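Just below is one structure, and these are the notes that go with it.
We call the chains A, B, C and D, going by the order they appear; numbering starts again at 1 in every chain.
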Amino acid sequence: MCVAQTNIPSWKSKLHEIIYEADTPAGKTFDIGLLLVIVLSIILVMLESIPGMSDRYYWEFYTAEWIITIIFTIEYILRIVVINRPSRYIFSFYGIVDLLSTLPTYLAILGGGHNLLFAVRALRLLRIFRILKITRYIGESNRLLTALRNSRAKILVFLYAVVILCVIMGTIMYLVEGPENGYTSIPTGIYWCIVTLTTVGFGDIHPVTPLGQFIASVIMITGYGIIAVPTGIVTSEFNRASASEIPVNTQACPYCNETKHLDKAEYCHNCGNPLNE
Amino acid sequence: MCVAQTNIPSWKSKLHEIIYEADTPAGKTFDIGLLLVIVLSIILVMLESIPGMSDRYYWEFYTAEWIITIIFTIEYILRIVVINRPSRYIFSFYGIVDLLSTLPTYLAILGGGHNLLFAVRALRLLRIFRILKITRYIGESNRLLTALRNSRAKILVFLYAVVILCVIMGTIMYLVEGPENGYTSIPTGIYWCIVTLTTVGFGDIHPVTPLGQFIASVIMITGYGIIAVPTGIVTSEFNRASASEIPVNTQACPYCNETKHLDKAEYCHNCGNPLNE
Amino acid sequence: MCVAQTNIPSWKSKLHEIIYEADTPAGKTFDIGLLLVIVLSIILVMLESIPGMSDRYYWEFYTAEWIITIIFTIEYILRIVVINRPSRYIFSFYGIVDLLSTLPTYLAILGGGHNLLFAVRALRLLRIFRILKITRYIGESNRLLTALRNSRAKILVFLYAVVILCVIMGTIMYLVEGPENGYTSIPTGIYWCIVTLTTVGFGDIHPVTPLGQFIASVIMITGYGIIAVPTGIVTSEFNRASASEIPVNTQACPYCNETKHLDKAEYCHNCGNPLNE
Amino acid sequence: MCVAQTNIPSWKSKLHEIIYEADTPAGKTFDIGLLLVIVLSIILVMLESIPGMSDRYYWEFYTAEWIITIIFTIEYILRIVVINRPSRYIFSFYGIVDLLSTLPTYLAILGGGHNLLFAVRALRLLRIFRILKITRYIGESNRLLTALRNSRAKILVFLYAVVILCVIMGTIMYLVEGPENGYTSIPTGIYWCIVTLTTVGFGDIHPVTPLGQFIASVIMITGYGIIAVPTGIVTSEFNRASASEIPVNTQACPYCNETKHLDKAEYCHNCGNPLNE
């Protein structure tokens, strides 16, 4: 809740509450309305990319694009106006995303090649990050993120080992199979090895020689075996998050205020006084 | 068990017990018989779809179809007759499924294009949901469902993040590879990204440019890493379900108030006094 | 250890110990020697299947085949001779496997088509099951098998749900994509659905229409999400196996002999007498 | 820290500290500098393998190769000079790797076919193992390795069972599908079975007959089900590693003998007496 300061006009603090906060009905409605416009603008960019679409429905796309751009521009200006220190918004991640997703349509007036323009227009997709903010309404996502953050270091070590394994095996496959079987260079061999180890298996490149197929089998079985590692890491982290909720309670010692006692504790482990009298 | 009410004819309550319940031998036999007919009708629809089959065995399919339809019709009428409030069955999920799987054969007499008719006839496959009811005989399925239901919110948050990731990466791949390499539109790019991130990897579309292959490698390794998340969620949920079943109860000793006794404990393991008097 | 009975000749009980048991040095040597011959015979069958091989090295294969067959025949006869009740071996699983892997070479003298003969000769591969017996030397495999056996019921319920899901989605894909895109029949559609849901993704059949690609995306994300279920089941079972080793000790009450007390127990939970005096 | 011995010149012990140890600023700088040169040399080998590259930038590659080789040679000589017992380094794993990655460029002067030389030059990639040493800076990797080492026996038993399953199913698929559908030999069938069971699914070979597709479906669902096993093993091992870290120690109260106190506990939670006097 925004505590109204005396030197800020009330309409400004009111608008600030609506635009930047989500704990009032008006703020929630604004958030949901904005999300709908973003989803709409993303669907528009997608449809426009389908061959034939942009030619057949030229005017529809043109109109919709301008409407959405004007809505985003108004929102961008409002966000700058109602905030006390505009620079804090303008140079924040979301401030840059908002600007980048508004500019392309204006640049289109200045002209430019179609392909480049479309690429720039795809910047509007960056707004999708705003949708991720919706997850803050879902309490579960916090526990998910905490578990992931805790296991980040271990997962990085694991992925690091996977990449080095792929460099070594990719080079061996390049030497064994050679350019005549599709392994045109070491980077291609590494790419194939990643495709195989992660059990994706496109099939655009695949071993042909018996030795290559044998090495590929070893890589595949390795990949099948080590997929267990990230799973084990994350699961263990989830379990610890659950476990830490079980045997230690939130009871505070009436003498020294020490918390986190075992459930069965009868005396405080810090000062030795009885916990319940 | 159906408690016979005085104003219901005994044959009706008897049939109700057979058709709607499964805890009498007759009810169980009816259930199993019905399941067999459903499985048979599903196999029939499958076989009919194989090219050449419906022409070669025209009369066999025709006869079998009518026999099954008549059995289903009799069952449908009986279910309506023996129930006290027929509307409760007719507008239930299974009531609609039962009707939809009976109608197509009758509609065939009125004529219509072959292809459309077959699509309608495939409705009979809906009856497969009835087979799922067999799982109620297996006690394990309840614990499975409970664990899945508890982790539903977290899994949805995860899948939501996966879809957004695919939208972003799919757009990037469309811009990098372009229509000349098979990425004909952004939705196609997103479809490819889902195929890759989930480690399915059909290979109908695959990156050709070095940059595209590099981004694809990143997507694959990401997919390999985050497959751990749903697994971690469900496993943690299963563990919690198991933990609550560990034979330690919440009974407190009337003498020393010690808790966490084994289920079969008769004396407190802390002070030696009897737990139940 | 075989306790020699008075009416059995000592050479017979000696041979029985070597052939059927593995806890003497001679028995262990026999087991390992037999395993080597089996692995050799399997490699022989494999090599013979490679095109051109059986023509080029005709006499080598012919000789090796006869040597191995004679070794297996001698072993088979010895096993019958040294056992007290031969029928118990002859009609056991391994007895039939041993006979089936010896017969083909003898049948070859009687003549017969090459292809059929090879198929029969591949029966020798059944001997591979004997190799599995080697795992009894590895203590870990028992805990693995116990955990798998305990989670069997839950995994079957899960696979049952997966198969039904594949039947429904396979039929929908057949109706959506149709024979012109490779989905020639409902069984083909189900086959494709299994290939996709299990994240194998051969790419021999793949959706072409936008609607088909959308449904495929849903199937893939579903498959990515539910792969967590069997993992969760097995992991939970492994954890329970580990957990049951922790808080309950093997201490027996000196008064009533009751076991499985909590680690911290001071009094027997069955008779109330102190556990340690 | 190297404790300087009287009979070793100070410059030698100083260099030893820099080259072989990493706990001084100079040692750390040396380590990081060396890693950069190794990464550079690996990228060089990769780029050289891209078709056209080695012709276009012949002199650039030639110069860079010699510079890197000279740096590696100096490092190799220094490592021998500063160590007390050179044989311990020369015949160690890293000593051989260092020598093998220096030799190829010198061999190139003596001449030799291009292809063979490149293969030899790829030996320089072996230096990548040195990069793995960087993980010692990350504490997490030790816990990862411990968990993997503990579950090694179980994972090997599992992979052993997977390989035998693949031999049996691969032979069946060879007999069912035959050479006309791409299953040219039993080893090819086994290779295909590994590709399928590990859910890689290249699609270079795939079943065509209905019976083959049915068996493939069974293999795929099996693979989907048993991927849970290694995951369960590793997760269970991680959990055990975590459990042993739960801040409850094995200290026993000197008054009431109660155990499982929190690590930070100073007074017994059962009787209130101080734990340490």
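Note that contacts are C-beta pairs under 8 Å (C-beta built on N, C-alpha and C of every residue); 3 or more make two chains touch, one makes a residue touch a chain.
Chain by chain, the UniProt names read as follows: A, B, C, D = Ion transporter.
These numbers were taken from a predicted model, which means no experiment stands behind them.
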If a chain touches subunit A and subunit B alike, it appears here: C, D
Comparison of A-C and B-C by number of C-beta pairs in contact, larger one: B-C
Per Cα centroids, the chain farthest from subunit B: D
Interchain centroid distance [CA atoms averaged], subunit B/subunit D, Å: 41
Centre-to-centre distance between subunit C and subunit A (centres being mean Cα positions), rounded to whole Å: 42
Geometric centre distance via CA averages, subunit C-subunit B, whole Å: 29
Shared-contact residues (touching 2 or more other chains) in subunit A: 158, 187, 190, 199-203, 227, 231-233, 235, 239, 264
Subunit D partner contacts - residues on subunit A that touch it in the complex: 153-154, 157-158, 160-161, 164, 167-168, 171, 174-175, 179, 184-187, 190, 196, 199-203, 206, 210, 213-214, 216-217, 220-221, 223-225, 227-229, 231-233, 235-236, 239-240, 243, 248, 260-262, 264-274
Subunit C to subunit D touching residues, read off their complex: 42, 45-46, 49-51, 119, 122, 125, 128, 131-132, 135, 138, 140-141, 143-144, 147-148, 155, 158-159, 162-163, 187-188, 190-191, 194-195, 197-204, 227, 230-235, 237-239, 241-242, 246, 263-264
Of subunit D, residues touching subunit B in the complex: 199-203, 231, 235
